[in-house]
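Going by the order they are written in, the chains are A, B, C and D; count residues from 1 in each one.
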Amino acid sequence: MTITSKQQEDIDRARATSSQTLRPTVPAMEELLFQSTAVLDHGFLRVVDYMGDDSSVVQAARVSYGRGTRKTSEDAALIAYLMRHWHSTPFEMCEIKLHVKLPIFVARQWVRHRTASINEYSARYSVLDGEFYIPSPEHLAAQSSTNRQGRDAVLSGDEAQEVLHLLRNDAVRSYEHYGWMLNDGTADQQIDGGRLGLTRELARIGLSLNTYTQWYWKTDLHNLLRFLRLRADSHAQYEIRAYAELMLDIVRQWVPLTHAAFLEHQMHAATFSASALAAIRRMIAGESVNAQNSGLSRREWDDLRSALELSGS
Amino acid sequence: MTITSKQQEDIDRARATSSQTLRPTVPAMEELLFQSTAVLDHGFLRVVDYMGDDSSVVQAARVSYGRGTRKTSEDAALIAYLMRHWHSTPFEMCEIKLHVKLPIFVARQWVRHRTASINEYSARYSVLDGEFYIPSPEHLAAQSSTNRQGRDAVLSGDEAQEVLHLLRNDAVRSYEHYGWMLNDGTADQQIDGGRLGLTRELARIGLSLNTYTQWYWKTDLHNLLRFLRLRADSHAQYEIRAYAELMLDIVRQWVPLTHAAFLEHQMHAATFSASALAAIRRMIAGESVNAQNSGLSRREWDDLRSALELSGS
Amino acid sequence: MTITSKQQEDIDRARATSSQTLRPTVPAMEELLFQSTAVLDHGFLRVVDYMGDDSSVVQAARVSYGRGTRKTSEDAALIAYLMRHWHSTPFEMCEIKLHVKLPIFVARQWVRHRTASINEYSARYSVLDGEFYIPSPEHLAAQSSTNRQGRDAVLSGDEAQEVLHLLRNDAVRSYEHYGWMLNDGTADQQIDGGRLGLTRELARIGLSLNTYTQWYWKTDLHNLLRFLRLRADSHAQYEIRAYAELMLDIVRQWVPLTHAAFLEHQMHAATFSASALAAIRRMIAGESVNAQNSGLSRREWDDLRSALELSGS
Amino acid sequence: MTITSKQQEDIDRARATSSQTLRPTVPAMEELLFQSTAVLDHGFLRVVDYMGDDSSVVQAARVSYGRGTRKTSEDAALIAYLMRHWHSTPFEMCEIKLHVKLPIFVARQWVRHRTASINEYSARYSVLDGEFYIPSPEHLAAQSSTNRQGRDAVLSGDEAQEVLHLLRNDAVRSYEHYGWMLNDGTADQQIDGGRLGLTRELARIGLSLNTYTQWYWKTDLHNLLRFLRLRADSHAQYEIRAYAELMLDIVRQWVPLTHAAFLEHQMHAATFSASALAAIRRMIAGESVNAQNSGLSRREWDDLRSALELSGS
């Protein structure tokens, strides 16, 4: 279980106290607030706070005095225009704060998005919980032979069992040793009275990268969308994508106009190089363009075919 | 008048719509929301949105599940500890958004604080209002002869009158020419039908630096405090300090524990160099330390004396 | 004249001192170093320092131990791959520092690129020179009637003369008053002995936005390219574009592989939305697609036609 | 061994090629360039590139045309002034690039300094080496009973042996399993031909946090000093401090005037709160101030005593 009953009580208490506010308020976000949604086997993600809505983007873009909203269709058109032309500052006017429990190897990818504020649970100051990410069997993919960062066929049978067994055993053993080194009774260990406990900041260095950590993470809508552009993409590692897809759905509920514009103009859009544009022009003019005569590298030609859903090769 | 009746209507309408929220809410900020407070002769500052309160700082520092607040005294002690040790990320968990009308020369100082989001009124896209900052007579200071950035005695009599006269006349004349160049009737000018209007982006280049502009500005509490540390300081130019002092008072109402810790540990604190510390140790030991035997530069000695409120020289 | 003979001496002296270094060194940049290139009527731009070259991008992307360069064709392919997939950190590994003299209204656009370091000449501390940007007649465009930020036909005859006359006269008059207010003999003014001088930080507020300022500006290659993507674009205001085009040419000499990839995959590339992609697919399939049946807004349709160089409307 | 002979060859080759440059060049840095210095048991740190020197700080602060250097004493005074008044932008004008091999748990602390560029060795793309940080016995400290983040007495005898044994065994076992899962012969494993290899991005999640990674890390001098202020401090975890202390020594060789000012005005300086200043004033006035009558919290009183090297308690 990722949330203890004590933690659930804290969450319930927070949800029980509501106030009047003049700030832009999104009913769907109020429904979500504080509640934890499970991600992976022991992780979660909770919206802890938010600021602004679609109208805040419009209001800032217009530097207006009131709410900024006119007709929804006008707002949608303005937001689409801003998205299409890579305007960033109006989308920076909305802010979201999440509480996330995630494996350390996911945290290491996540933290590379620098324009965000993070307060992470400190393993120098406190003792980590004994929770580790173990992939479910359907995610145990083999290394792709064509893509150096990719996954291929799923492992099966004894092979898969052995991988899961090793991952689980190593994590558990390291955690038991962590507890023994600490000798403070906090990590499900007997206290061995006469013995010193190793300092927490050293004891944790033997834990495995799939150990869960947690943090408060806050960013603005523009930087959130840049995160999602990379991490909700099919090239992202499955484990961080699991978080990103949940976050993308939160964006849909929070700022529906921005979400629609983001899908249309970024997630489902394609950028073509000067050479790719030339190839497209020839296709439209009726020419038969293929890998050989396209003037593109094999990789770029494949991307072009995929974006245009061309058959053949 | 800095706010038109149409703008006041927009503000009043925004203040008339309130919602229920589970988010941390600060009654004093709800009172302030959207209302404009006058700054300088034609400027204003309005709080347009905010996120978080003192408990949000505590909650993030503890990575806790609920509101994060224990007893106020415990929260105050934790916030003071964080402030004293230059922890920044917990204070980044609160956010504020302001709508500010300010002279361009103030905006040029303000924008040097890079960790903030800005949407400024565009003089390429729209026509600027004919409002200029003219100092009030008591701020017409002479150049300090000892401090190359500072002010000295206030000018008076004919001299002051002449300065004000020149500033006002030049601003008005440039603005009239701006209107004539635009020839679009928007800048209080007759339209001269047969004549082309100069493009807005060029017409504005003759306006003076005391012309007012306006923007939406959003930053987090940590970066706001860094802004205030520099701009609410007595060494800041009076005109930006007028805004900063108002913002410092908003911080007091928004996050009173953080405000108190900020005054105690930053605004009213002093940093002493290794050499200054040595001098202080000698003073405490009863030695008579002066400019000559202090081992400090004249400037640093003066700062030390001032921080310790020492008499003599 | 934008550079005084004293300043030219300083530059010549700096160019006379060379050293041995093991760092990546670009002969073309060594040629450029310190020399000022004129921009607009009184502005200039000088390369003051640089770090890295194309091989530094490759070296960082590969986290390699030596220079990182293999064959030029392999490096070019890797750089193109990085550019095409929006990798940013390898391009952050090169750095450039410029000394720029530019009108204040250009500086106000420039400074919105936040990921850069700036040291600007201080008008609180020193007296500004009496130099103003006056457009050359061929840049005196009328406001576009179709694009709210754009320019249209060039003004001519008396109208143009009058605009130039007003801009020049207002700038000169304001500067004369600036000198009178300062009363310190530094701004080409007689000192009026008995009179106090107004503090510099106030005297300058009446100067016009076309007054020149100057600064040291340092940024990394990734952020430089983002600057150029926006400011070397035809939608940028002509005056900042004049600087950006010069900078783009410096990029060409500094990192030719990166420059080529930037043109191919960003400057001359086009991004198509999900709906635009659908329209392109129909065109390639031989369908006749027009503004009406494209499913696109008028604006987006026009952009699509322009990117694909389609005839008709 | 942390550097292979192949890597050393790459380094030697890079050191063999020198060029003429007009850029500021620091002989001591040229000596250091590319050479690796050992840190911890398998880590290293190499300077890969640098930009600027002390004169670059001065040049930017003065926005000057030439090298910016006057007399060394004037430069030193200016740099001290800038450091004392927390000016940041002149120090941003120098840049350094390092190649660092470091344990993952150290990398996780390091990366929290956001204003820097990083290219890390990718364990999705490549196979990690089997090198782990094992503390030397004298660093095996017990948890401090008074400071929740601190270390206390060093463990000894069987206890220490057992900790080292566990850390080493767990790391080695996890790495053997990593190799078995990959099944690609790269991690010192026999290839088991008929078996699929698990994708690299998953196989690595069982590795321990003391596994070494490596990266290129680039930052400016201002942000480097902020890193060192925190990480070369005695409160930093020993392992990251080992890197920071080496970096501080590089700063000494690179920009000696800045280094001296940094020690004087930041590393060896102390900041006193408003209340602490009041207590100091009373001490100087001859009053006997102690923990009880100081008006300070116990913790702040202890810090004050320590900064002033007061005896008693």
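Please note the rule applied: a residue touches a chain if its C-beta (ideal position, glycine included) is under 8 Å from a C-beta of that chain, and two chains touch if they have at least 3 such contacts.
These are the chains along with the protein names UniProt gives them: A, B, C, D = Flavin-dependent thymidylate synthase.
Keep in mind that what you see is a predicted model, and the values were worked out from it rather than measured.
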| field | Set of chains adjacent to chain C and to chain D | value | A, B
| query | Listed by label, which chains are in contact with chain A and with chain B? | reply | C, D
| query | Same or different: at the chain A/chain C interface, is the fraction of residue numbers used by both copies above or below half? | reply | same
| Rounded to the nearest whole Å, what is the centre-to-centre distance of chain A and chain C, using the mean of the C-alpha atoms as each centre? | 35
| query | Cα centroid separation between chain B and chain C, in whole Å? | reply | 29
| Residues within chain B bordering two or more other chains | 118
| field | For the chain B and chain C complex, residues of the former touching the latter | value | 103-105, 107-108, 111-112, 114-115, 118, 122, 124-125, 133, 135, 139-144, 148-153, 155, 159, 163, 166-167, 170-171, 173-174, 177, 180-182, 184, 195-202, 204-211, 237
| task | Please give the residue numbers of chain B that touch chain A in the complex, ascending. | result | 3, 7, 9-11, 13-15, 17-25, 30, 33-34, 48-52, 56, 59-61, 63-67, 89-90, 92-93, 95, 97, 99, 117-121, 214-216, 218, 220
| Given the complex with chain C, which residues does chain A contribute to the contact? | 77, 80-81, 84, 263-265, 268-277, 280-281, 283-284, 286, 297, 299-300, 307-310
